[in-house]
Structures are given as structure tokens and as C-alpha cells.
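In the two assemblies presented below, chain A is common to both, partnered first by chain B and then by chain C.
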Partner chain A sequence: MRLRAEVTNSNLLLRIVQSIDKLTKSAILKLTPDKLHIIVITDMDSGLQLWSDIVVEALFEDYQIESNFNNEIYLEFNIDNLQRALRSTQGGGALGVTMKLVKKLGGLPVLSLIIRSQSATGREITLCQDVPVRLLSAEQMDAIREPLVPEGQIHIMMPPLNNVRSIAERMKGMGDRVAVSANRNGEMNVRVANDLVDITTYFRGLETMSYDTTTQETSTDGGGGTGRLSSETFTAVVDMKNFLKFLQSHHVAPKNVMCCISEHHALIIYVYIGSAGYTGAAAMHDSSCGSLTYFIPVRQI
Partner chain B sequence: MAAVRGTAPEPEPALFRAKLANVRPMVNMLKTISFRPRARCVINPDGLVFTVEESQCLVAQAYLRAELFTTFSYDVQLAEYYRNQEQAGFEAEDSQDGEPSDVTQVVLPLDNLIECLTLFYGPSGTSSSGAQSGAHSTATLHTSGNPGDLRGATTAVIAFNGPGTDFELLLEERGTISLCRLSTFVPEPSVDLKFSHYPTTQQLIIKSEWLRDAFNELDPTSESVSIYIASSEPHFRISTIGESGSTDMTYSNTERILDSFFCNEDQENQYKLSLILKCKQALAMSDKTKIRINQRGFLSFQFMIPTAADVSFVNFVFAPLVSADESIADATARV
Partner chain C sequence: MEAEVPAASLKTFYRALQCLGSIGEDIWIEARTDHLELIGKNASQSAYARIVFPAEFFDAYDSGESDNAVFRCRVQAKQLVGIFRSRTQAVEQCVLSIEQAAEPVHINSSATQGECRLVVRLAYKQRVCRTHRLFYEACETFHSTYDRRDCKGRWRVAAAHAASWVAHFARGSEEMTLQMTSSVVRVRSWTAGNVAQPDATRALHTELSVDPADFDMYHVPHPVELALALREFRAVLRYAERMAAPLSAFFDRPGWPLLLEVAAPPNPDARDHRQAPPTAEFVLATVADETTPAPSSNNATPASRAPTQILAVPDSIEPGSAPSPDASPYAHSRSSFAQWSPDNRSDSLLATPASARRANTATADSIAGSLPNSLGGPASQPVPESRVPTARAYRLLDMPRPYAPPGLTDTQLSDEHAAADELRNAPPGMVQTTLPFPTTAAQRPQGDMPVANADYSSDEELDATPPPPSKRMRALF
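And then the complex of A and B:
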């Protein structure tokens, strides 16, 4: 088993890990010859899950990976540890960062970040940050599957995450659940209510898409909706805590976020990373970087 | 939860409807009295008055005049109709606290009202910026926390349709709309410290910056603060006695400090310090403060707060502390 790479975009890797900070204690890192996957499962039944993939070229150069399982490696790591290690890679004097999977004394595997930087006096310093990891077998990895969710009724491009986040932060004290609704007129509503106050925020002018079950293709809805069905509203009621956890993805500065509502089942939100040059629904086909996919289960009364 | 309608509904004009070009002045005024979760709101043809009360010793009021709003419409006839309906069957003596019949009174959750009005303020308390991403937010679009800064502001339409209905806010900023409904409650008999029932024996107007300095010096370990006003030096003294000693701030009647001064009777009164400190925010926002004390030792602070070309008022009235040799009966007889 061998893993070694030059981390050329440590900032993006840090921001991805910042997005998952405090979601839960540990996460899974699945590395393949083409992609890096981070999987976070907060609670098998009622919790949010995050499944992400990023092409290795977006993060690394000189990427070498070898193993007995199709050259794939599966690790479990403590999110806070990795975040702290990655923070050390930032800073003006950093010259380069190498990532290696290493077996330390005592046989414990660690993901080692070797950070070469230049001090104020011009001398080269090497800092080594070791993140203890637990290796998973192919069988264990295989048992971890993406949740099965029935196809959603509507896909809608979300308003800028920072706008949604600042409003959600203000609304969070008013209820522990939030209703997210959308219709094909390009409107998305977010609603929180308790005994004393009821707030609904309406975002308009958003792009929506339809999924054609016969052709298995998605396409952008025409402007103005499609007749009498265009104002039909689909709603998913989820835990406010999970909604706020998804909003932490603002760290990756996404230009495109697509929300899919599968009524009575889940909110599935696709956060597209680094889709340079593509905006709107077309971002779905831009695999230049990767995406974070959040599964937020609908709250069961 | 029921699914919401796709389009944002407008509140229907009925009893009361007002439009605000910018919520900031209203938010700032309400924050000065936001130390209690609920407030009484009185709507009359001249504007809105929000009142909070604490421990029956402190009453604070913020006056939002109709001129602060872009439009202000209040249906007096409808208000009288609702009042008559409410009081049908009550004896004349039971009718509400001497307020004229053209006012509408309602109790609503003040903290939630402020949270709603500041919905678009952004996580750091400033207006939400138009920047796309957390990592690359452009500083030029970010508005400052300066209360006078009205860029990127939220507009609001406020509406109330009478007893038993919700207090509604329709907020808008940059194309995003929020509809907020606040539960309302029937007002209970109000605590009125009846400051004007007794003659004012002492009055002065002081530049607020001096009073802010005084407040900063007050010893927080002291239970009470003493206010002494006299026709001879020192004209105005604020003192505390705490664990580490005593503090005295004295002010003489000079033009530089006191804008006006009137003293009919030399008096010293004590007030509960923790209650006096509740007016710090109103004091922080004001240019000048009018201090009055009446014959029974009740204290009134009237804070003059500059708002867009003129002045708005926030009023605090405090009951004096009962002195050790005065009985409770004597104290309540004072009111």
C-alpha cells in the first residue's frame, strides 16, 4: 500500500475540511487513482450525510497510489486533527506540502503532511504534521453505501449561499425545524415557525430543472414555467441543525449549488466546487473539480 | 407544517399599515428598550409607542413618530370600533387605563420583532453583502455597522389588523422578501409610574457624553446609585458606594456641561443600580439627556436620539428605592 502526492492546492483541501468541521468527530477518506472522496455520516438514520468527490488534479501533483484493492485506499480520520494539520500548510512562507501514508513506530498508520517553508530569516524549515488514521478494508468500505433516495420532484439552483446562511443564522433561534420549498417558477422559500413567530423568506428568479424519467435526462425548465404545474410547490421539512450544517459548505466558495427536493424523503444538495466558467444548471456537467453532495433526511413527525 | 404558497403575499391594508424605507432607525430605537422579551405597542394617529416594564420599578418607552415612516396609515374609526367591541359588556370603570379610544394597544414579542427586522443584517450584524462567497467577499460591498449607514438597507411594511390577529412584517432586501408574523397578546393593565402626577422639582439637560462618562465610573458592585441635585454647588452629583469604596461624579451648572438647569428643592434619591444601567444603550445613542425628578423622588431620563433630520425620544422612568425607615405602605402611597 502506498500513497504519496504533492499537495498543490492545500487551500482548497483545507476549505473542504472546514466545510465538514463539527459535523461529527470522524470522516472517511477514500482515495482512488482519479478521485478523492470524503464521506461524512453523522447518524445512519436521521442524520445528514455528505458524499463528496474531487478529481485529484484539483488538489495534487505527482499523485502516486498503490494498493491491493484496485489501487484504492480507505481511511478513517478525525476531522479536527486533519483540519489543524492543514491549517499549518497555510501561511506566507510555505514552499511546498507533501502528503504520504506512513506507518509509524508501533505500526500505527498516519497521513503525514510534510510542510516545507521559509522562515523570516530565509532558512528552510520542515514541519511534519501527522494525522492518525484507521485503515479500512475493502469489505468495510463496501458496506458504506450512498443512501437510496427516490427521485426528487424538483431541482432548483440555490441563491448565493452567504445570503441563505445569514438568514438561516437569524432564523435558527425560532425553531428546530425548517421547511424548504420550491416551485418551477424559480421560487424557493425557507420557513421557520414557533408559537410566537412565523417567518418565511422568499428567494425568486432561480433556475429550475426537470428530470425526465423516460430519457433519464435533466434539462432546464423554460422560463415562465410549464402551464398549470409551474406553481405547484414541493416541500421538505428538515432539522434546522442539518440545514445549518450543509450551509457550512460556504467555505469552498461554491458558485453553483443545486437543491433537489424529494418530498417526504430528503433534501439532496449538490455543492459544485470550482466550476470555473460554468454557471447555473450547466454546472452539473462540469466535472472540472468536484462536488459535495449533502443528503438531509426529511424530519419524521 | 403546511406547504407555503409560491408567491409572497402582501399584507392587506386595514387597521394599521406603515412603510419604512430603512429598518435601521426603528431597530436602533427598539434595541434601547429590548431588555424584556415582550413589549406593549400603542398605535395612534401620531405614531407608535413601545413600552417595556420591569419589576414595577422601571418603565421604558420608545416613541416612533409617524414622520419616521415613509407612509403611515391608521384607521381611527376602525380602531374605535374594535375598542367598543372589546369593551362591550364591561362597566365604564373597567375600561382600559384612561387611554383615548382611538388608540390600539397590543402586546407582542419584542425580541422576536427585532430579530425579524434584522433578518437581512448578516451574521456579523451588518447588512448582508452581495458577495458570492465566503472566501472571496469583496470589502467594498460590505456595509459597516454604523447606525447612520443606510446602504444595502432592508425596507419594511408593517401591518396590524386588530385584536386577535398577528403583527405582520414584510421585509425586503435586494429582491429577497421575508414575511414575518408575530403573535399578539391582549394587554394586561399597564404599570404606570405616573411621573407627571406630581410636580417636577428638579430638571436639567446634560450632554449625553458627560453622562456616559459618569455611567462608566459607576461601581457595579454597588446595589444603588444616588442622585443629588441642588441649587448650590455641587449642582448635580451621581454617586455609588461599592465594595472597593465610593465614587462621586459631580457636575456644576456651567454652559459647557448642562444645557439647562432648574431646581426647586434640593433632593437626594437612591435608585437600584442594575435598573439604572438598563438605559445604557439609549444613552449611547443620544446626544442629550433630560433628567427630571418629581416631588416623590421618581426619576425620568429622556434621551434625545438623532434620527434622519430630527430627534426621536426614548424615556425611562425609575421608582426610587424605599429607604430603611420608610414603611411599604408609605412607599406605595407615593405612587
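And then the complex of A and C:
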């Protein structure tokens, strides 16, 4: 089992880890020959899950990976440790960062980040941050699967995450659950309510994806039919905490964020990590360098 | 003693206090005729700090004593630091003085005049004046017996540089090692905890290699590796950074303490008060190596200047005391620390608390009375020693503990112990006194204000223990 790579885009990796920072203590890193996956599961049943993937070319150069399981490596690590280690890679004077999977004394595996940088006097300082990891076997990794969610009823591009985040921050004291709803007209509402207050934020002019699914029929018999009317609103009520956790992904400065509402089941949000800018239907195609997919289960009352 | 701190140097004074406050709980003040010393040490006696303000630093300085007499006292660090923490920009004049009671203070008199207090008076613009009166305790001070001239290795480095090494360490790191050779300096962080498990819950381990050419002065004749506690080292670094002064280090070998000095060179061009900046020296204990014959505490005698005794303590540990208990907390010593040895844990400079417990000496008295006099008590401690996993935790947790943990009211203590016992074994702060004036519950006629009474009804029970500060305030006003 071998892993070695030159981290060229440590800033992006740091921002990704910052997005997952407060979710939970540990996360799983799955490294394959062409992609890097970060999987965060906060709570098996009712918690938010994050499944992300990034092409390795966006982060590394000279990427070498070898293992017995199809050249894939599965690691469990502590998010705070990795974040601290990556933070050391920032700052002026960093010349190069190398990532290696090594066994430190005692046979303990660590993900070692070797950072060469320049001190104030110009001499080279070598900093080595060892993030302790736990190796997962292929069977353990198999047990972890993406959650099965039924097809969403509506896909809508979300407004800029910073706007939504500032609004959600204000709303968070009002209640412990938030209702996210959208319709085909490009309208999205974020609503929170408690005994005294009811706050709704209306976003207009958003772009929606229209699917050619078999369930889509033009309704001729007025309301009550099985057709999807363009003004029908689909709502998902999720935990406020999970919603805020997802909004932490603003750190990656995503180009597009697509929200998919699966009523009564989950809110699935695809955060596309920016590469070249593009909008609209092209966002459906995975042509960016990576994406973070949040599965937020609908709150069961 | 009276000292007037120039308004422009208040920040410097505050930084010194802050540094001492982050090392230990108390600050000892020693006022000599030509300088004022502030001394601090940490709870486990493994770090010592001394900051000297020459008389020229002050606008006016009078030690108030005759030539050879020295005024010594101890105050609580938190209180002193808190005074200077904020709002020092608008201060026009700051005077520290000692007020001593002209006559003995009677317990029943409610006058605040005539008490022994350290008075800090801050005069602001617009004739606003803030006066703080701090309780001080006259006591003995202590000094380090180590001399930097005895140290073979030394270096000096700019503070910002040193701080940048430690900045990379994870938050939970407890210890660090400095491995110094002639060609490279390696700084590593270590954390306590169960490192034997291949788990992701271990902490980040950081290792940094620095070129000795980065140092202002570097003289290390033979390679040496020192392991010391990170917390105190960070406090020293912070102080050096804030003072923008270089940090000098003097060391000899593992087990011998690391001497650090932060002294800004006087600037002849600046105004008067800057010509006498404070000099600070720190002594940090390091972990003894297995191979070096570091004297363990049972060999310490008053005569020999044992390296493990930083403090010039008149009494010493009885030679018969065992170095460490049988159920040593280090029976499972960490695999990462090849050189750490459970039995040679002499980095706690005096007797390790466990052996002090066994020795049952009055050592605590000599250490400026800071440890409670309860060495006999903890023999019945329910805390199992094998529970304690780490060095630092060991030093702090196994400190001679009072019989009653702080916070327990006397109603919860067991009845078998006489009141005198409780008094002796009480931790500092849990003072068994009666208030000098009757409590409000006794004062107020019974049956009045039933709602409010509910709050004070427990005053009777708590009579022997002072009520928590918020309640006490309510009782006074």
C-alpha cells in the first residue's frame, strides 16, 4: 500500500476541509487512482451525510497510489487534525507540500504532509505534519454506501451561498427546523417558524432543471391531477443544524449549487467546486473538478 | 513600597503580569531598593519566572525599606492582571503602593481603613480615579539556583521566529522536544494519550527542522535533546513576542532545566523609561533522560545543588522517600517516547507529589505556602493512580489534594472529621470562617418577604462556608 503525491493546490484542499470542519469529529478519505472522495457521516439515520469527490489532477501532481484493493486506499482521519496540518501549508514562503502515507514508529499509519517553506531569513524550513489515520479494509468500506433516495421532484439552482448563509444565521435562533421549498417557476422559500414568529425568505428568478420524466404530464384536469404544475411547490423540512452545516461549504467558493428536493425524504444538494465558469443546464454534467453532495434527511416528526 | 508606573509603560507592565499570570496562579512581589521583582511559578513547580523592573523603569520608586530589608509578598495573579487588562490608554498616572494597617484589625470592625492591602490607583483624565485594593500575603519568595554560566549550550533567536515554530502545533499538544545538533534544530510536538492504537483519534504530530543559521547566536557543542512542557514555553514565547525582544536559551543536558531570558536591549534614543526595560528570566524543567544520571528526588539534599531543585528550598525531601509509587502511572509508558522513563520522572523539580505524599513532610510549607497542608489527608484519596495517563496530568492531578474537593460545602463532608481537621485540610479558598457581620437571614425579621427568603434560607447552613460571591454581594448590599 503506497501513496505519495505532490500537493499543488493545498489551498483548495484546505477549503474543502474547512467546509467539513464542524460537521463531526472524523471523516473518511477514499483515494482512488483518479479521484479523491471525502465522506462524512454525522449520524447514520438522521444526520447529514456528505459524499464528495474531486479529481486528483485538481489537487495533486505526480500522484502515485498502489494498493491491494484495486489501487484504492481508505482512511479514516480526524478533521481537525487535517485542517490544522493544511493550515500550515498556507502562509507566505511555502515552497512545496508532499503528501505521503507512512507508518510511524510503533506501526501506526499517518498521513504525512511534508511542507518545505522559507523562513524569514530565507533559509529552508521543513515542517512535517503527521495526521494519524486509521486504515479501513475493503469490507468496511463496502459497508458504507451512499444513501438511497428516491428521485427528487425538483432541481433548482440555489442563490449564492453567502446570501443564504447570512439569512440562515439570523434564522437559526428562531427554530430548530427550517422548511426549504421550491417550485418550477424558479422560486425558492426558506421558512422558519415558532410560536411567536414566522420568517420566510423568498428567492426569485432561480433556474430550475426540467426533467423529461414519465411523471411529468401537462395537466388538463386542473388541480388534483397527477401532473406537475409549474406552480406546485415542493417542500422539505430539515433540521436547522443540518442546514447550517451544509452552508459551511461556502468555503469552497462554489460556482454552482444545485438543490434537489425529494419531498418527505431528503434534501440533496450538489455543490460544484468551481473550475471554469458555466451555468445552466451544463451544471448537470459533471464537468467541474469536483462536487460535494450533501444528503440532508427530512425531519421525521 | 511605592512605585509609579509611567503611563507609557503600562502596556509593558501588563505584559509582564500577563506572562506570570499564565504560568501560575500567584505572583510574588519582591521589592528591593534598586529594583522590583515579580516572580511566578506554576502549580507543578516545573516552571519558574522572574521579571525584574529596575528602579529607572518607574517614574518614582521607593521600596520603603531600609537598605538591606526587602519587602516580599504574594498576590493572586488573576486579580492583578485583571486590573491592567483594559482601558490603559487613558491612564495618566498609575501608582502601586502597599498600605499596612496602623493597628491590628479587629474582626468585627467593618472599617476598610487600616487593612493590609496592595493598592493600585489609576488616575484617568477628567479627574477619574480607580483604586483597587488587593489582599496580599506577606511570605517568603524563592529564586532559581541555576546559573546560565553553567550551561554549555546556548542560542538566541528572534521571538517571532520561535513563535512561528510553535504556531504549527495542534491545539492539544502538551509537550515538545527540542533536538539540537550542530547542523539542525528539530522541534516536535507530543501529546499525551493512547498512542498505541492505530486510531484516528490520536492527535496531530508536528515536526519542524530549522537551520541553525536562522538563529542570532547558536552555540551547541554537543547534540542534546530536551523535552519540556509546551504550555509554559508558549507563555514565554508570547511574552517575548509582545516585548519584541529576542529569546535566549541556555541549557546543558536532558534533565537539567532550560533557562530562557527575554531582555530587550536598552534603546538609548528612546525616552527615559525605555532605557530600563524589564529583564525576564524563566526556568523550565525538562524531562530527564534514561541514560543521563539525572538526580532523582530521593537524592536531593539541602547541600547539593541538585538540578531537580529549581527552587532554593530550605527544607528538602527526606532521603527515605520512594521515587515513585509502585502502581506507577507510567507503567504503560508511551511507545513514542523512547527516552521517557517512568522512574526518572524528575522534571517535577521537587519531590513528585506522590512521593511527597508518602514522605509526609512539611515541604509544602516551604514552597511559599502555596500548596495546601494536606499531605496527610490524601492517603485516603479515592483516585486510583493508575488512572492517570500522562505526565502533565500526573503532576497536576496527583498534586497533594485537599481532603475535600473545592466547592463542597461542609454539609457534604463526612461527619467523622473534626472541624479542625477540615480547616487544616481545606483547599485554599474554602475558608471556614464566620462572616464578621450577621447574615441577612438573621437580620431580616422572619416571615418577611417569603419569596426573597427562599434565596437566603440556606444561609444558616452555609454559615461556616462563605456563600458564593453573588450571594455574598446580595448579603452586603
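Rule of thumb we're sticking to: the second predicted complex is superposed on the first by the 280 of 301 C-alpha atoms of A that agree within 3 Å, B and C clash if a C-alpha of one lies under 4 Å from a C-alpha of the other, contacts with A are read in each partner's own complex, and residues count from 1 in each chain.
Definition applied: a residue touches a chain if its C-beta (ideal position, glycine included) is under 8 Å from a C-beta of that chain, and two chains touch if they have at least 3 such contacts.
If you're wondering where the values come from, they're calculated on a predicted model, not measured in any experiment.
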Here chain A is shared; do chain B and chain C fit on it together or clash? fit
Which chain, chain B or chain C, is in touch with more residues of chain A? B
Looking at the overlay, what does A:P132 touch: chain B (first), chain C (second), both, or neither? second
Once chain A of both complexes is superposed, is A:M44 in touch with chain B (first), chain C (second), both, or neither? neither
Which partner does A:F77 reach: the first (chain B), the second (chain C), both, or neither? second
Figure out whether A:H251 sits in contact with chain B (first) or chain C (second), or with both, or with neither. first
What is the contact status of A:V197 with respect to chain B (first) and chain C (second): first, second, both, or neither? first
Which partner does A:S26 reach: the first (chain B), the second (chain C), both, or neither? second
Applying the touch criterion given at the start, work out whether A:L148 contacts chain B, chain C, both or neither, answering first, second, both or neither. neither
On the combined arrangement from the superposition, state the nearest Cα-Cα distance between chain B and chain C in Å. 5
Chain B and chain C footprints on chain A, overlapping residues: none
Can you check the complex and tell me which residues of chain A touch chain B? 15, 159-163, 165-167, 169-171, 173-174, 177, 179, 181, 183, 185, 187, 189, 191, 193, 195-205, 231, 233-235, 237, 250-255
Which part of chain A faces chain C closely enough to touch in the complex? 25-26, 75-78, 80-81, 84-85, 88, 104-110, 119-121, 123-135
Partner chain A, residues of chain C touching it in the complex: 158, 160-161, 164, 168, 170-171, 195-196, 198-211, 213-214, 335-336
Using the touch definition from the top, list the residues of chain B that touch chain A in their complex. 1, 3-8, 109, 112, 115-116, 118-123, 128-129, 131-137, 166, 175-183
